[in-house]
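Look at the two complexes coming up: chain A is in both, with chain B in one and chain C in the other.
Entry: the complex of A and B
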C-alpha cells in the first residue's frame, strides 16, 4: 500500500464500488478501504462467493450487483478488505486498523460511502440474545447460508420486513408470525406522492407483488400476519423465549427463539460526524443526514459523501451517486474536461432522477410512526451501559438537551458502540421532552478512534512512516 | 465436533462444503470456510457471545453489520473483536469476551 492516493474511498457497497471504479477509469490512483472480507456492502454482501441457491433465493435485485462487481474487479483500484477506519480528517488523512496493526494513508480526496444501517428502536427486551435485525438475518444468510430452524417472529415496518419474510419462506424457515407495526392510517398521506411514483410503475408493482406473495404463502402455511401492531415486547430469562404485542384490544403472544425487527433504514453517519461533515435533520424520515450536493460535495472541500450514507435511496441510486461523485472529483483533478464531465454525468443524473421517482411515496408510506419513541421508563435505551429511557427523560426534563452532556452524566452512549445504537432514541427523547426544535439540538459527537483499537496498536501505529508499498 | 443446540442450520450439509475447525471456549467444531465468526458461533450454539458493559447481561449479535458491538469476542488472545466482521480461519481460538470494553493487556 502506498501512503498517498489521489482519492481514498471508504466503504465497498454499491456507491463505493461504482465511485472507485469510475475514478480509476479516469486515471486517478484510488484506494478502497472496507470492513468486510468481500466487496458488495450490505446489499450485495458476499455476492461474488454466493452459491446459485443463495442467488436464487435472494433474487434478481441481489444478482444485479454482479455487473457492478465485475466492472470493479477489472478496474485498477487498490482494494483493502477487512480494514477498519477509526479516524478520518478533513485534510484527507485516514487512520485504519488492518491485520492487527494501525497505519495512516492520505488522499487528495476522500469519498465516504459508509452506507446505511437499521434504525435502532428500543423496546422492552430488545437486548435479549435472539433479538436481531431483519438486515442482520439477511446478512447471515448472504454470508453463510444460515437459516432459522426454530420459530421466528418478524416485527416492524417497511420493505425490508417483507423482503426478509419472503426469503425465510423460500428457505422453509418456521415463521411463527409477521407483525406489521405500520399505522394503518399512514397510507393516506402517502397517496399525494403517488402520481410521481407511478412514473416507475414497474418498480412499485414489484414491491406490491412481493408483499402479496408473502401474504399468500403466509395464508397457505397458516402463518398469522397482524397489521397495526403495537407494544412489541421480547421476553425470556437469558435469551428470547416469547414475543408479545397488542393489536387493538387483542393481546398477541408467540413462542419464538428468534425475533427479527426492522423499523426502517437510516444513514450510517458515524465516520461522517467524526470527520466533521455538516448534517441536516430530516423531519419526515426523522434522521440526520449529511449536507451533500447531488455531485457528492460536503462542507469540507476534500471530503465527498456518496450513496445511502447521504440519504437513504437504495442500492441503484447509491451506484449512480457514486459515479457522479467520481466524475466531479475527476473534473476537479483535471482528469476530464468540463465538456466531458457534462457529457458523462448527464445520463447518470437522468438515471438517478428516475430512480428517485417512487421515493417520496415509499418514504411517506413507511415514515417512522409518531409513537416510535414513546418509550416506557424501564426500557433500556443505551444497550452497552444499560441506561433506561426514564433516566434520560428525567435529565431532559431538568433541562439537559445535549446527548454529549447526558453521556457525561449517566454514561449513555459511552460503551463500545459509542452511541451508534442509542443516539437516535436519545435525540428523540430530547426532541419530545424539551422545547428545542430538533434541528437546533446538538448531535452526538464521536471521538476517534471510532472502532476498537488496542492501546498497544495505537502505540505501535505506523502513522507517518516511509512508503512501504 | 458436536453440534450443540443452535437456532440455525446451514442450508447445505457441512459434508458438501469446504470446512475449517474453530474452537469456541475450548470446544472445537467444524464450520463452512469463508463465513464470519458470528455466523460460525450462531450456527453452532445458542450461547451468548459477551456481557454488556455495565450490567453484565448476556448478549449476542444484534445487527450483524458492525454497528452494535454486541458480538465482541476474544480471538486468539485479542479482545474486542467484532465477530460479525471477522472471517473464520482454521485453528482459530474464540472465547467469550469476559467483560465488554476491557482493554487488552
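Entry: the complex of A and C
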C-alpha cells in the first residue's frame, strides 16, 4: 500500500465499487478500503463467493451485482478488504487497522460510501438473544447459508420485511407469523406520489408481486399475516421464547426462538459525522442525512459522499451516485475535460433520475410511524449500558436536550457502539419531550475511534509523524 | 440588573464560589457562554486525587478531599464519587528515588496521605502490573467521580441557594465603574456588581485582558480515552507513571479511563478540537507495557475539552492587584476538578474580605509580573 492516493474510497458496496472503478478508469490512483472480506457491501454481500443455491434464493436483484463486481475486478483499484477505518479527517487522512496493526493513508479526495443501516428501534425485550434484524438474518444467509430451523416471527414495516419473508419461505424456514406494523392509513399520504412512481411501473409491479407471492405462500402454509400491528414485545427468560403484540383489540402471541425486526433503513452517518460533514434533518424519514449534492459534494472540499449514506435510495441508485461522484472528482483533478464530463455524466444522471421515480411513494408508504418511539419507561434504549427510556425521559423533562450531556450523566451512548444503536431513539425522546424543533437539537458527537480498535492494533502503529507532503 | 457578585464562567469553580457566597447572603449572577460543565469541568477524566499533585496544592487538596465525602449533603448528589486508590509506579530505581523525595517532602510538611509501597504491595494493589515495576507511591484515599454529574450538581445547588445562572450568555464587555463592574452580555443586557469573578477556564486569559489585568493563561485540550469493560483487570486501583505520560483510572464499571496529559490540536476561536490518533497509539503502547493484558482490550472512544493552563502549572486564585474587586479562579492546568469544593470556600473568604483559611500565596495573580 502506498501512503498517498488520488482518492480513497471507504466502503465496497455498490456506490464504492462503482465509484472506485470509474475513477480508476479515468486514470486516478484509487484505494478502496472495506471492512468485509469480499466486495459487495450489505446488498451484494459475499456475492463473489456465493453458491448457486444462495443466488437462486436471493434472486435476480442480488445476482445483478455480479456485473458490478466484474467491472470492479477489471479496474486497477487497490482493494483492501478486512480493513477497519476508525478515523478520517477533512484533509483526506484516513486511519485504519488491518492485520493486527494501524496505518495512516492519505488521499487528495475521500469518498465515503459507508451505506445505510437498519433503523434501530427499541421495544420491550429487544435485547434478548434470538431477537435480531431482518438485515442481520439476510447477512447470515449471504455469508454462511444460515436460516432458522425453529419457529421464527417477522415484524416491522418496509420492503426488507417482505424480502426476507420471501427468502425464508423459499428456504422452508418455519415462519410462525408475519406482523406488519405499517399503520393502515399510511397508504393515503403515499398516494400523491403514485403518478411519479408509475413511471417505473415495472419496479412497482415487482414489489407488489413479491408481497403478493409472500401472502399466497403464507396462506398455503397457514402462516398468519397481521396488518396494523402494535405493541410488539419479545419475551423469554434468558432468550426469546415468545413474541407478543396487539392488533386492534386482539392480543397476539407466538412461540418463537427467533424474532426478525425491520423498521426501515437509515443512512449510516458515523464516519460522516466524525469527519465533520454537515447534516440535515429529514422530517418525513426522521433521520439525519449529510448535505450532499447529486454529484457527491459535501461542505468539506476534499470529502465526497456517495450511495445510501447520503439518502436511502437503494442499490442501483447507489451505483449511479458512485459513478457521478467519480466523474466529478475526475473533472476536479483534470483527468477529464468539461465536455467529457458532461457527455459521460448525462446518461448516468438520467438513469439515477429514473431510479428515483418510485422513491417518494415508497418513502411515504413506509415512513416511520408516529408512535415508533413511544417507548415504555422500562424499555432499554442503550443496550451497551442498560439505560432505560424512563431515565432518559426524566432528564429531558428536567430540561436536558443534548444527547452529549445526557450521555455524560447516565452513560447512554457511552458504550462500545458509541450510540449507533441508541442515538435515534434518544433523539426522538428529546424531540418528543422538549419544545425544541428536531433540526435544532444538537446531534450526538462521534469521536474517534468510530469503531472499537484493540490497543494491540493501536500500539502496533505505522501512522508516521507529520505528513511528508 | 445588579448583584453583589458577578461570575463569568459556569464551570465547577464558578458554581462552587457562587454556592459559598450565596450561603453567606451574597446575591450572585453567573454568566455561562454555553451550559454549566461544557468543557473541563464536565468532561475531565474524573480523577479526585491528591497523589502526584504539585506540593503547593497539597494543603488545599487534602481539605478538598474531606469535602468529597460530604457532597450528598452539600450539593444533594454524591457526584458519582468512589474511592479508587491511586498508585504512582516507579519503573526504575531512579524513579523510586524521585518518589521517595516527594514522600519525604510531604512528610516534612506534615502530610502522610501518600505512602511508599514496595513491589509486593504494588502487585497486591494491581496484580496485572508488569514485572519491571520496582515499587510506587500510593494514596489509598484517592478516588474518581463523574465530572458531568458533579458540574450539574454544583450548578443545581447554586440555583437552590438563589444564584442566577444565565446559560448561553457570553460576557462580551466588562469594565470597571465607580461602584465595581459593569458587564455587557451576548443577550444584549447589562449587569452591575461590586465584585467580578473570572472563572472562565481556557478563556481566562482573554477575559482578564478585557479588564486590563492580563493573565498568561493559555488553552489546551487534553485527549482522554476509554476502553471497553475489563472487569478485574485494574483491581480497582488507578495508576500513574513517574517518568512517562500516563494516567489510568479504574472506573467502577470496569472500563479504563486513560488520561495523563495527551494533548489534541484545537482552534479556540471556533471551539473545535481534533483528536490526534498518534496520541492514542502512543498511549496504547505504554499501556500494554505496563499492563500486558491490555493488548486485546478495545479502545472505544476518545474525548476532549478545553482547559486553562499556566506555565508554572498551578492556578491563579485571588484578587487582582491591578483591578481591585476582580477575583480570579482559573488556570488549574488539568488538575482543578478535585480542588473545586475547597476553591468555593477560600474564594468566598477572600471575596468577603477575610483571610483565607489556607494560604493562597503560591497562587497569587501577580506572581508572573514579579517574575519579570
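Criterion: the second predicted complex is superposed on the first by the 463 of 469 C-alpha atoms of A that agree within 3 Å, B and C clash if a C-alpha of one lies under 4 Å from a C-alpha of the other, contacts with A are read in each partner's own complex, and residues count from 1 in each chain.
In the analysis below, contacts are C-beta pairs under 8 Å (C-beta built on N, C-alpha and C of every residue); 3 or more make two chains touch, one makes a residue touch a chain.
Keep in mind that this is a model prediction, so the values were computed, not measured.
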item	value
Contacts of A:452 with chain B and chain C, given as first, second, both or neither	both
Touched chain A residues, chain B compared with chain C	B
Touched partner set for A:89, first chain B, second chain C, both or neither	second
Which superposed partner A:123 touches (first chain B, second chain C, both, neither)	neither
Contacts of A:5 with chain B and chain C, given as first, second, both or neither	neither
Partner chain in contact with A:461 - chain B first, chain C second, else both or neither	second
Which superposed partner A:386 touches (first chain B, second chain C, both, neither)	first
Contacts of A:416 with chain B and chain C, given as first, second, both or neither	both
Partner chain in contact with A:79 - chain B first, chain C second, else both or neither	neither
Chain B and chain C contact sites that coincide on chain A, given as residue numbers	411, 415-416, 452, 454-456
Residues of chain A touching chain C in the complex	87, 89, 95, 102, 104, 402, 405, 408-409, 411, 414-416, 418, 447-449, 452-456, 458-459, 461, 463, 465
Complex contact set, residues of chain C against chain A	35, 37, 42-43, 146-149, 152, 226-228, 253, 274-275, 277-278, 280-281, 283-285, 287-288, 294-304
Residue ranges of chain B touching chain A (in the complex, touch as defined)	6-12, 32, 34-36, 38-40, 42-43, 46, 48-49, 52-55, 57-70, 72, 78-80, 82, 84-85, 87, 100-101, 103-104
Interface residues, chain A side, partner chain B - complex	35-37, 42, 49, 51, 53-54, 82, 84, 100, 117-118, 120, 126-127, 129-133, 135-137, 139-141, 143-150, 171, 238-239, 257-258, 268, 270, 383-387, 411, 415-417, 420-421, 452, 454-456
